[in-house]
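Here chain A shows up in two complexes: once beside chain B, once beside chain C.
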Partner chain A sequence: MNDILQGLSQAAQLVITGDADLVEITALSLQVSLGATVIASVIGLPLGAWLAVNRFRARRFVIALLNAFMGLPPVVVGLIVYVLFSRSGPFGVLGLLFTPTAMVIAQVIIITPIIASVAHQAIRELWADYHDLLISLNATRGQRIRTLLWDGRRALMTASLAGFGRAIGEVGAIMIVGGNIDHATRVLTTAIALETGKGEFGMALALGFVLIAVAVLVNLGVHFLSRTERGSRW
Partner chain B sequence: MVSSILPLKIEAVTVRRGGRQILGPIDWVLDGQGLTILMGPNGSGKTTFLRVMHGLERVGRGQIAWNAAAGDVRARQAFVFQTPIMMRRSVLDSIAYPLLLDGVARQKAMTEAEALAAQMGLGGLLNQPAQAISGGEKQKLALARALIRAPDVLFLDEPCANLDGRATKEIERILTEVRAGGTRIVMSTHDIGQARRLADDILFLHHGRLIETGPKAAFFEAPKTPEATAHLNGDLIP
Partner chain C sequence: MKLTSLALITGLALAPIAAQAEILRLSVTTSFANSGLAEVLLPEIQKDTGIAVELLIVGTGQALALGAAGDVDAVLVHSRAAEEKWLAEGNGTHRREIMYNDFVIVGPAADPAATAQTSLATEAFAKIADTQSAFVSRGDDSGTHKMELALWASAGVEPAGDWYRAVGQGMGAALNTAAGMDAYILADRASWLNFGNKAGLAITFEGDPSLFNQYAYLPVNPAKHPHVKAEAAQKLEDWLTSPRAKDLIEGYKIADQQLFVFNATDK
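Right after this comes the complex of A and B.
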C-alpha cells in the first residue's frame, strides 16, 4: 500500500515539476501510439467496412482470421519485426531497427486487426440497416463504403480508441524492436519495465499512473472534440 | 427530352424463398400515367412484388424489362419503404444524399434539398437528426429523399401504415401533387379508404398471384373475384 501511495505522490511530483525525462518519454509514447493508431485506422476501418459490405468465397475465413489476430502475442510480433528489420533481414538495409519507426510498425501490426474487427462489427450492423436504401438509391460499392464509414464514424472512433488503448499499453513488441534506449526509444511502458527491474517500484508506479492518465486524457479529448456525448445535434 | 423508362414489362415472374414460391407467376405491364394501388391480405405478396419491380428482389423465373438501360433505370425510379430507413444524418443531409451520390455539387444539392423540404413541410427540421423526428415526419423525409431525383416511377410500400390520420392526409396530399406532376406511382396499402381516395387503378394479389386488375371504379363497384369481394367486405380470406 505504501508503494502505491509513494507512487502517486511521486507521479504528482514529476508532473508538477515538469520532469524533462518524463516529458520526453511521454511525448514519444504518444507519438508512437498515436502514429500507429492513425496508420492502423487508415488500413483497418476501410477493411472492416469492405468486409461488411462484400460477399466473397473466403469472407468467413478472413473474418475469423482477423478475429484471431486480435489476440496476436506482442512478443511474437516484436520478434518477427525484429528479424525482418535486423541487419541480416530482408528490410535490414532500411536501418529502422531500434528506432521509433520500427516501434510504430510493430504496433500497427498488433492493433490493425483490433480496429478492423471492431469496425467490421459496427459497420455490419449499420449495413443491415442501410442495405435496402443504398441498393435502392443505386449507390456504387465505393459510395456504400464511404457512406457507412461516415455515418458510422462514432462507432468507428471507438474502434480506433480500442486500438490506441492497446498500443499505448503495449510493452513486449516495442521493447524488442525499440530496445528501450534512453533518449531514443524509451517510452512509458518500457520505462516502467525498466524501473520495476531495478526494484524502483515507486518510480515504476508513478510512471504507471502517468500512463493511465495519458490514456484517459486522450480518450476524453477525442470524445470531447467529436462531441459524441452531444448526440442531439449532427 | 429524355424518353420515359416505361413501359415496364413483367412476364411470368416468380420469386422463391426458402424452397417455397411466394410470388407469381405474374404477368403485368406498368405504363401510362396515374397511381396504381396494390391490394391484398397480409402475405399476399404486395411488398415482394414492389421490390421485384424496383429491382431489390431476385427473380426466380420470368423476365422484367424496362424501356431503358439498366444503369438508367435505377436512377429514374425510387422506393419508399414501409418502415422508413433513416440515415445517421440531419434531415437536410438525408434529403440531399441522392443528389450527392449523383455527383451534384454540395451547395447545389443543399439548395435543392432545402427547397423540397420546405415544399414537404419539413422546413423547420432541417438540422434535426433524421432519426429523432416523428413517424409522420420520417415518412415525409423518406418521400422527399425519393423525390429529389424527380423519378419517372415511384414505388411506395404501405407508406401510411403506422401514421395517424393527420400525417396520412399530409402524405396523400403530397402523393396527389406528385401524381399531378407526371410521376407514375405504384403503391401498396391495406387501407381501403385510402385506395378509394388515391387510386386510378387497382391490382389485387392473393397467395402471390395477381388475381384481379382494373380501374378503381370497376374494382370497388363490381369486383370480379370472390377473394376481392371478401376483402372489400372486410371478411377473412383463407
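Right after this comes the complex of A and C.
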C-alpha cells in the first residue's frame, strides 16, 4: 500500500517538474503506438468493411482467423519480427532492428486483427440496414464500403481506440524488437519493466500511473475532437 | 485536415531518430546494467570519444547471440567458457578482460542453512541443498546462471525439487522473487547493493575467490558482419582499457563499497 502512495506522489513529482526522461519516453510511447494505430486502422478498417459486404467461399474461415489473431501473443509477434529484421534475417539489410520503426511494425501486426474484427462486427450490422438501399442505388462495391465506413465512423473509432489501448500497454513485443535502449527505444511500458527489475517499485508505479493517464487523455482527446457523446446527439 | 494530421503522425512514427553522434550498440549483461556503473561510464564515453553507446541489457546467452547475429557491434559479458566458444565460432575478433567484481550468496537474514559458517562457496551450496532451503535460480542462461550451475556441479549436487525455483528472468526480477519467497540466491555484488527491494534478505556468504566474476569485452567480427562499426568498437575498447576508465570504474561506489576492480592489461 505504501508503495502505491509513494508511486502516486512520485508520479505527481515527475509530471510537475516536467522530468526530461519522462517526457522523452512518453513522447516515444505515443509516437510508436499512435503511429501503429493509424497504420493498422488504414489497413484494418477497410478490411473489416470489405469482409462485411463481400460473400466468398473462405469468408467464414478468414473471419474466424481474424478473430483468433486478436489474441496473438505479443511476445511471439516480437520474436518473429525480431528474427525477420535481425541482421541475420531476410530483412536484416534494412537495419531496422532496435529502432522505433521495428516497434511500430510489431504493434501493427498485433492490433490490425483487433481493429479489423471490431470494424467488421460494426459494419456488418450497418450493412444489414443499408443493404437494400445501396443495392437499389446500384452503388459500386467501393462506394458501398466508403458509405459504410463513413456512416459507421463512431463505431470504427471504438475499433481504433481498442487497438490503441492494446498498443500503448503492450510490452512483450516492443521489448524484444526495440531492446529498451535508453534515449532510443525506451517507452513507458519497457521502462516500467526495467524499474520493476531494479526493485524500484515506487518509480515503476509512478510510470504506470503516467501510462494510464496518457491512455485516458488520448481517449478523451479523440472523443472531444470527434464530438461524440454530446447531449444533443446520439 | 484529418488526412494531413494522420500522415503527420505516421511520418513521425516512421522517421528514424536523428543521429547526432556515432552510435555503437553494445549488448551487456543485466548485472552490469543493474550495477549502475553504465550510467557513470556512458556519458564520459560520449564526452571523450564522441561515441553514443546504446545498451541492450540481456543475459549473457542472449548478449552473445545478438553479437553472433550481427545485431550489436560489441559484447560485454562475464562467462569465460561461453565467450571462448563464441570466439571459436568466428563471431568475434578477440576477448579483452576489463574488470571483475564478485558474486555473493544472498539469503534470509536468519540464514537457516548456516551458509555463513562455511568457508567455500561449494560448501555453502551443499548446505542449502541439504537443508532444502528455498533457492531462486536465474535459469536464463546468463553469466550468473552459468556460474551458479558450475557451483552446483562442483558441490556435487543436482539441483532439483520443490526448493529449487528457476525463474528464467534477469537479476533484478530474480532478486524480487527471492525477496518475496525469502529464498537464497546467487547475485553479483553490484546488483545486490543497488537493489531497492531487499526485504528480509542479506548477504550470507561472500569472499571465496571462486566467486570472482571477470567481465570481458568482445568486438563482433567485421569479417562475418561487414556492417558492424569495427572502428568505433576499437575506440571504445581503447577507452575501456585506459587509465581514465580505471579511475571511473574503481571510483564507483555504492554504500562506500567499491564494486569493480579494473584489471585490463596492455595488449
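One rule holds for everything that comes next: the second predicted complex is superposed on the first by the 230 of 234 C-alpha atoms of A that agree within 3 Å, B and C clash if a C-alpha of one lies under 4 Å from a C-alpha of the other, contacts with A are read in each partner's own complex, and residues count from 1 in each chain.
The rule is simple: a contact is a pair of C-beta atoms (placed from the backbone, for glycine too) under 8 Å apart; a residue touches a chain by one contact, two chains touch by 3 or more.
Quick caveat, the model's predicted, so the values are computed rather than measured.
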{"item": "Touching partner for A:180 - first (chain B), second (chain C), both, neither", "value": "second"}
{"item": "Chain B versus chain C as contact partner of A:137, first or second or both or neither", "value": "first"}
{"item": "First, second, both or neither for A:129, with chain B first and chain C second", "value": "first"}
{"item": "Chain B versus chain C as contact partner of A:31, first or second or both or neither", "value": "second"}
{"item": "First, second, both or neither for A:151, with chain B first and chain C second", "value": "first"}
{"item": "Comparison of chain B and chain C by chain A residues contacted", "value": "C"}
{"item": "Residues of chain A contacting chain B in one complex and chain C in the other", "value": "none"}
{"item": "List of chain A residues in touch with chain C within their complex", "value": "31-32, 34-36, 38-39, 42, 86-89, 92, 95, 97-101, 104, 179-184, 194, 196-201"}
{"item": "Contacting residues of chain C [partner chain A, same complex]", "value": "6, 9-10, 12-14, 16-17, 23, 25, 30, 34, 54-57, 68-71, 169-173, 175-176, 179, 194-198, 225, 227"}
{"item": "Residue ranges of chain A touching chain B (in the complex, touch as defined)", "value": "126, 129-130, 132-133, 135-139, 143, 147, 151-152, 231-234"}
{"item": "Interface residues, chain B side, partner chain A - complex", "value": "54, 56, 71, 74-75, 78-79, 81, 85, 87-90, 93, 97-98, 101, 127, 129, 132"}
